[in-house]
Amino acid sequence: MTASTGTRVLTDGDFRVADLSLAGFGRKEISLAEHEMPGLMALRAEYGDEQPLAGARVAGSLHMTVQTAVLIETLTALGADVRWVSCNIFSTQDHAAAAIVVGDGTAERPTGVPVYAWKGESLEDYWWCTQRLFEFRDESGAVVGPNMLLDDGGDATLLVHLGTRFEAEGAVPDTTEADSEEYGVILDVLRGTLAADAGYWTGVGQGIKGVTEETTTGVMRLYELARDGRLLFPAINVNDSVTKSKFDNLYGCRHSLIDGINRATDVMIGGKVAVVCGYGDVGKGCAESLRGQGARVIVTEIDPINALQAAMHGYEVTTLDEVIGKADIIITATGNRDIISAEQLGQTKHQAIVGNIGHFDNEIDVAGLARTPGITRTTIKPQVDEWRFADGHTIILLSEGRLLNLGNATGHPSFVMSASFSNQVLAQIELWGNRAAYEGQEPTVTVLPKKLDEHVARLHLDALGVKLTELSKVQADYIGVPVEGPFKSEHYRY
Amino acid sequence: MTASTGTRVLTDGDFRVADLSLAGFGRKEISLAEHEMPGLMALRAEYGDEQPLAGARVAGSLHMTVQTAVLIETLTALGADVRWVSCNIFSTQDHAAAAIVVGDGTAERPTGVPVYAWKGESLEDYWWCTQRLFEFRDESGAVVGPNMLLDDGGDATLLVHLGTRFEAEGAVPDTTEADSEEYGVILDVLRGTLAADAGYWTGVGQGIKGVTEETTTGVMRLYELARDGRLLFPAINVNDSVTKSKFDNLYGCRHSLIDGINRATDVMIGGKVAVVCGYGDVGKGCAESLRGQGARVIVTEIDPINALQAAMHGYEVTTLDEVIGKADIIITATGNRDIISAEQLGQTKHQAIVGNIGHFDNEIDVAGLARTPGITRTTIKPQVDEWRFADGHTIILLSEGRLLNLGNATGHPSFVMSASFSNQVLAQIELWGNRAAYEGQEPTVTVLPKKLDEHVARLHLDALGVKLTELSKVQADYIGVPVEGPFKSEHYRY
Amino acid sequence: MTASTGTRVLTDGDFRVADLSLAGFGRKEISLAEHEMPGLMALRAEYGDEQPLAGARVAGSLHMTVQTAVLIETLTALGADVRWVSCNIFSTQDHAAAAIVVGDGTAERPTGVPVYAWKGESLEDYWWCTQRLFEFRDESGAVVGPNMLLDDGGDATLLVHLGTRFEAEGAVPDTTEADSEEYGVILDVLRGTLAADAGYWTGVGQGIKGVTEETTTGVMRLYELARDGRLLFPAINVNDSVTKSKFDNLYGCRHSLIDGINRATDVMIGGKVAVVCGYGDVGKGCAESLRGQGARVIVTEIDPINALQAAMHGYEVTTLDEVIGKADIIITATGNRDIISAEQLGQTKHQAIVGNIGHFDNEIDVAGLARTPGITRTTIKPQVDEWRFADGHTIILLSEGRLLNLGNATGHPSFVMSASFSNQVLAQIELWGNRAAYEGQEPTVTVLPKKLDEHVARLHLDALGVKLTELSKVQADYIGVPVEGPFKSEHYRY
Amino acid sequence: MTASTGTRVLTDGDFRVADLSLAGFGRKEISLAEHEMPGLMALRAEYGDEQPLAGARVAGSLHMTVQTAVLIETLTALGADVRWVSCNIFSTQDHAAAAIVVGDGTAERPTGVPVYAWKGESLEDYWWCTQRLFEFRDESGAVVGPNMLLDDGGDATLLVHLGTRFEAEGAVPDTTEADSEEYGVILDVLRGTLAADAGYWTGVGQGIKGVTEETTTGVMRLYELARDGRLLFPAINVNDSVTKSKFDNLYGCRHSLIDGINRATDVMIGGKVAVVCGYGDVGKGCAESLRGQGARVIVTEIDPINALQAAMHGYEVTTLDEVIGKADIIITATGNRDIISAEQLGQTKHQAIVGNIGHFDNEIDVAGLARTPGITRTTIKPQVDEWRFADGHTIILLSEGRLLNLGNATGHPSFVMSASFSNQVLAQIELWGNRAAYEGQEPTVTVLPKKLDEHVARLHLDALGVKLTELSKVQADYIGVPVEGPFKSEHYRY
């Protein structure tokens, strides 16, 4: 298989996607998404001439979707050489992957970008793909590692750090029963590389100037590495930019929660009793959208501050046990595990809809559900299962307990991803552009300066017709900020 | 092709659907929908023993969807013999049609119901199907007409009345240039029947005891017939039950508008400028759901009372010309024509989303759009077209200007259709049960008594966990109503 | 006491108000209110030259507030001779009454209007005032009855009809124990007039060309009179104009409920559990405003249709007994009696706030409360009482169970009263202008034609910056309405 | 004048309030407020036995309102000796001050607390009172300084620091023309003390173990002092507790903005165009409450992040110049100056309502307004002025541009102040209880640990019927927090 066009020819060895013939459809959707991603498009315009990523070889591990395609093409438009994998075995949109491999045939992007990703990878596939991420080629065609990472969840970062550690220790430990299936696969990969080249990952790690990380989970891993003095290169925590955490989580889920429920079930949300477990940014967005459709929303919370916020917004706040028998819709949005037990699932109303928009599929005890005596499962349609208990009542489980907005709808919409990804691009520019300054420093995890956070917001205003007021010098002095910002203290909560 | 099961065998001559093999999938969805249609299920429980529709041969012309399937099986559960066609060439859900033809294999519904409907009929198909609606068979297998009509939009009613009239006049008029294409097809059908049996429709009409009509449009036709003294049988206006017009239009569209936009475009609604043309019940539901997603909603109106209502709910109310250049989403919800002209479409923002949830596809001048010099059309996916103007800017047109909630999503959800269809069932029982009383009266159009309207509402309360307060005798006397209702005067507006 | 200015001098015999010295302050508030009553001001502009009420002697019985002052001066600006009383012993704003008596000193309104009203009348005062309403004077100074009534609650209408009946019967019946205190006062008044002039009320009634009635209660009395064939003159039901019932009740109470609670208690509404008894237009407005402040709203209802509406808007709907122990705020909005019993009041949370915005003070059993063993009452401030039960817990009762928006705040705001009162003015013009046509007809109760209802709405659009869209002729024909309206069928519910 | 009761007698020399006879009324309101301040009452219950403030002499400078009375009596219930002044010349509620001076006659609080505060102090009065704050008496009756400060705005802190500085410098500088009137008064005071006792403030400062500060402004001064190395004692920034800044500002203003507008103007908010300048926490609360009343809200912002938030909530965001001519209500909520210029005030709609809920009265250029040629001012009622421009149009200015929620209503409600004040109490306990540990450290400004912030929230849940979910040990470990909290990282934004 050969992916066409331009001066360079990608062959099958350069990529692995599901179906190249989807490229045209993918390109159409990318083209539409560009309009909805004004931040990225503005960065192309702002930095296109300057080429701040020239020389950067960016290895990206992040859901290979249409929105990510716009990110990838922004990175290349700014001068980067890019390779890509998805950070989740299910999240690749095959038409987007195909379009990225093929390129768009324009003078600017005549050739595509190597992608290794398809919807429904096995774990072995997944880590095989992730290995390929590190195999850039120089002009001579020789394999050379990346010099920048762009990560979502930290899997690419993990591989480099784990590989480096085992190479230092001289051996990959045996897989034990306590290890997860996936960790076993990772150890197998590392055994292979250790056998082939005992300094491979060490070399890769030394070549990397920095990583920018998208998620809470990945950021937590980075802080742990930094705390333990094992962080190999500087990192920027993109997750905690205001224009990421307060936008993506809140407004993204406000959009995609009800979209997922609607596509999955066609059930009227108005008038229903909907329980949202967790009132963080995700839960706030969920509650708002369910109320916006006329549901009666009840919240569960562990944190008294968030609980008080929910009460102040007029929601009933109580425990799941109190309402399990009267809820029509139950959504987990916590980032924690064991939120709904199998036993509680057995106590719901008939045909209660149960779904997760938090993080992993352990928010709902799906494994325990499957072990419930007398239970049967009927798949209504993909990602929508009816589980029938021995007493005859059923629940409708969405996406097998995985993220329903990704599984039953199309995840966050482009506009909100534009804000998140603009932070990614600015973070890449920061780390790559100032790599000399970072050199020789102890690697740490930092967030983008507030000024860049504000810049990202600013890039999205025109698209919404927002007109900003400008401070006069007198006013700026009065509140002690520059006329052009940043405007708030670091601890301001928005 | 033979549709199985039970004591009677439907053969191809008894039905015509797209694909019988979809019946299993259809049955699963019907089963889920039953839970969401508590009104219909309660009527089955309430009237199942009594069999109030025994002897009724109900000819139904109404979108052949999963929800309608639950209606059909409610009618048969109450004793009716039923035949069915869709009232729209696109609206049939093939899996629902298949399931109805096959039946569910239970003792109660061992055999299916004859259905003539599939998604994507031609106009000739459509009127051929509608003819079949009238061909019940008696126990001997002889063809016999229906004795009840259940109509949506009035096409079945129209055929009987038009046929009767032309038979009285002895001839079907020639088709003229002024006639629509569809009217030409109808005239062809009637020419055929006149040739075959010059008293066919007259006989059919004489056999019918009454019609129950679902929609504004159909009801308007009935009132015209009654006014002109041409109405052949009594009619009940189901559309104007409170539990139909204030529920279906308002809450149904609140649900399905954003569902349609989301499925069609995946575009974030939050932050966008959305114009809703018309602030009747449909427009009210649209505005509420768009605001619930964080859009800035602007309303256009012709009626000063509705305009004032919109202002009182905090919406900007202005003319389309004022906002055409800044709207991201434009929705027509008027029941009128020419709401957005082709010229206005040429003045939108780039990638403005344009759709209709009002009634016909003439709310948006799609024909004029297609005639615009230099315009090109790209189909993004079914029911989603990008039209590019000569100046390069584009609009995203949903469902070719037809109802976007049907075309891009799945129409109204089951719960709200349960309210509408419960009115249909009660209206059928009223007309059939009291056919002797209606006999000999001048046929008129009436609405269901308020007590039945309240009854329909009551049937939907338990499902939502609503506990009703009961009037004491003293209280009932104090406000001059019976303890058990009806509670309001006829002109109460809810 | 003499009220100044102009060509005519009002002396104490011409009026009776609390304190003339408040006139200046009243005039300032009237002047501000005029801006907020664009409907009335537009009617002055529209009809000022024409003087359609020339010759009319309008006797008005309606809360003597600042807003009513603008109504009164609109009636005089249109040519009427006017006298006024309040229709409630507590509702007079003394500064408004004073200003009306004095006039504004302009050429247009050099002299004042006779008013008999002050805040805190006794029942005897009240009916003495109402008697004065009928004592216009002709140019010679002789007493002459009114020829038009403008009524709110129907007390003026009642006096004429009761007086006429007793004169026909030749006697006023004895007061019995079953009669209310107030009815006893009325009978006393009528005994006095019967003794003085046995044909007094009969003559007054014969002189009256029509009445326009503001409220549900008054309208109900009128329909009963008409049904019994006892209605003495034609009546227009102003209450059921859309721009009255759907505006005044809904938007007025949305405004004034929380205003009353805030002024009375200063208690934070956000986060509280608030029960609204009744989900008619008043209850809808209450629920919306409480939710808008962040309260968790629970609704009680008797009517299944309204109950379903409440559920569809996301409110919990249950019985008062279920929530009496957890509500922080309990509001009656029913128009019925015995909504909260004394026993239930004994079961509330400590310091629960209890108030009524429905109609009379019998919605809450205040009498029963006062009889509760061991209860004590502490007045926190006027219209705010803390009642302490024997168990030590207390409730905060607003306005002694009377309308809290009038008692604890200032009632409906001017804008919404402008809509109601514009209907009053148009109704007066209709009955007076067409008095010849009504003559000789059986008196009936009618509502204003929809076109006038729409006209009232139209008069309020400019003030809110609303731009209306105009129908084209083609569009108007398409939906079968005139280009300029009316736009809706009679049974349209808005 | 003598304030009664208990073992100790306060005489006039011990206090100075407007009218002791208001004490009974004040006590009633304090008693009601206690129920609405569950955080403070819970702290009394939690710490009453322990007496953690025993030995503390707390000098408090904070609006002397009913809510503050509950704070004062909480401090005394925890063992503190307390003196009090108001931090604003207008904000004292005289009945609250009187009640505090008198005490409540119970065994726990037999005697009152010295207060120097009344509504409407002059600047000289104000700083005279503030001097009295520092004059505690020991058991022998000798004057002794406080050992703790509780400050709001930092005036008490300022006096100590300025006095100490001038004593170190040996002189108080001359008052210059550039100094504000108020600064001149302060210098006069300090000249007096310097003359009387050249080491007075130095001694006072040395005796103080810490200060807890309520507001943004006061906190900013503290950070400046700490930065410059001049901070005399440790400080806790109460303002930036989540349960203060996100509650008081957001929910407090959501409540009190419309309360202020309503009491001032009685104008219907529904349907109006309302501009909110600033979309921080205060602006967010304002916008929400205005929309909750049916206004169309438009936002102005300088910060692109906040602007994007406003857009995402569906508000139009533009500049004031764009909307100055169409707004009915304009509210400043910025914390900055010159938000509305006098020129802009000249361009409003007739009778536009203009008010400030931000910080000082320089948000609106009232001084410039007064200098406008041809302008006249009419006071409608206290705190409500109509300013008429030469062209005849007017604006309604609330509270002369000062905080309208304090001037036209009663400020923040008790419940939200309970959260703020609970933080104050915990901060006092922290500084006093650990005074030994702070001793010898460089004084700094800190915030309360998150665990205490969560504790404050927790104390308010029962009152609202909130039931919190508890983490299991497994869950707590999974997200890396203790079972009992704190639950969030320091940079979490809520």
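We just call them A, B, C and D in the order they show up, numbering each chain from 1.
Note that in this section a residue touches a chain if its C-beta (ideal position, glycine included) is under 8 Å from a C-beta of that chain, and two chains touch if they have at least 3 such contacts.
Every value quoted in this text rests on a predicted model; they were computed, and no experiment measured them.
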Third chains touching both chain D and chain A: B, C
Farthest-lying chain, centroid of Cα atoms versus that of chain A: C
Between chain C and chain D, centroid-to-centroid distance (C-alpha), Å: 42
Mean-CA-position distance for chain D and chain B (Å): 59
Interface hub residues of chain A, defined as touching at least two other chains: 251, 270-271, 291, 294, 308, 311-312, 316, 464-465
Touching residues on chain D, where the partner in the complex is chain B: 270-271, 291, 294-297, 308, 311-316
Chain B - residues contacting chain A, complex: 28-29, 32, 35-36, 251, 254-255, 258-259, 262-263, 265-273, 288-289, 291-294, 326, 350-351, 378, 380, 386, 396, 409-410, 413-416, 464-465
Interface residues, chain C side, partner chain B - complex: 220, 240, 242-243, 245-247, 251, 300-312, 316-320, 322, 335-338, 419, 453-455, 457-458, 460-461, 464-472, 474-475, 478-480, 485, 487-488, 491, 493-494
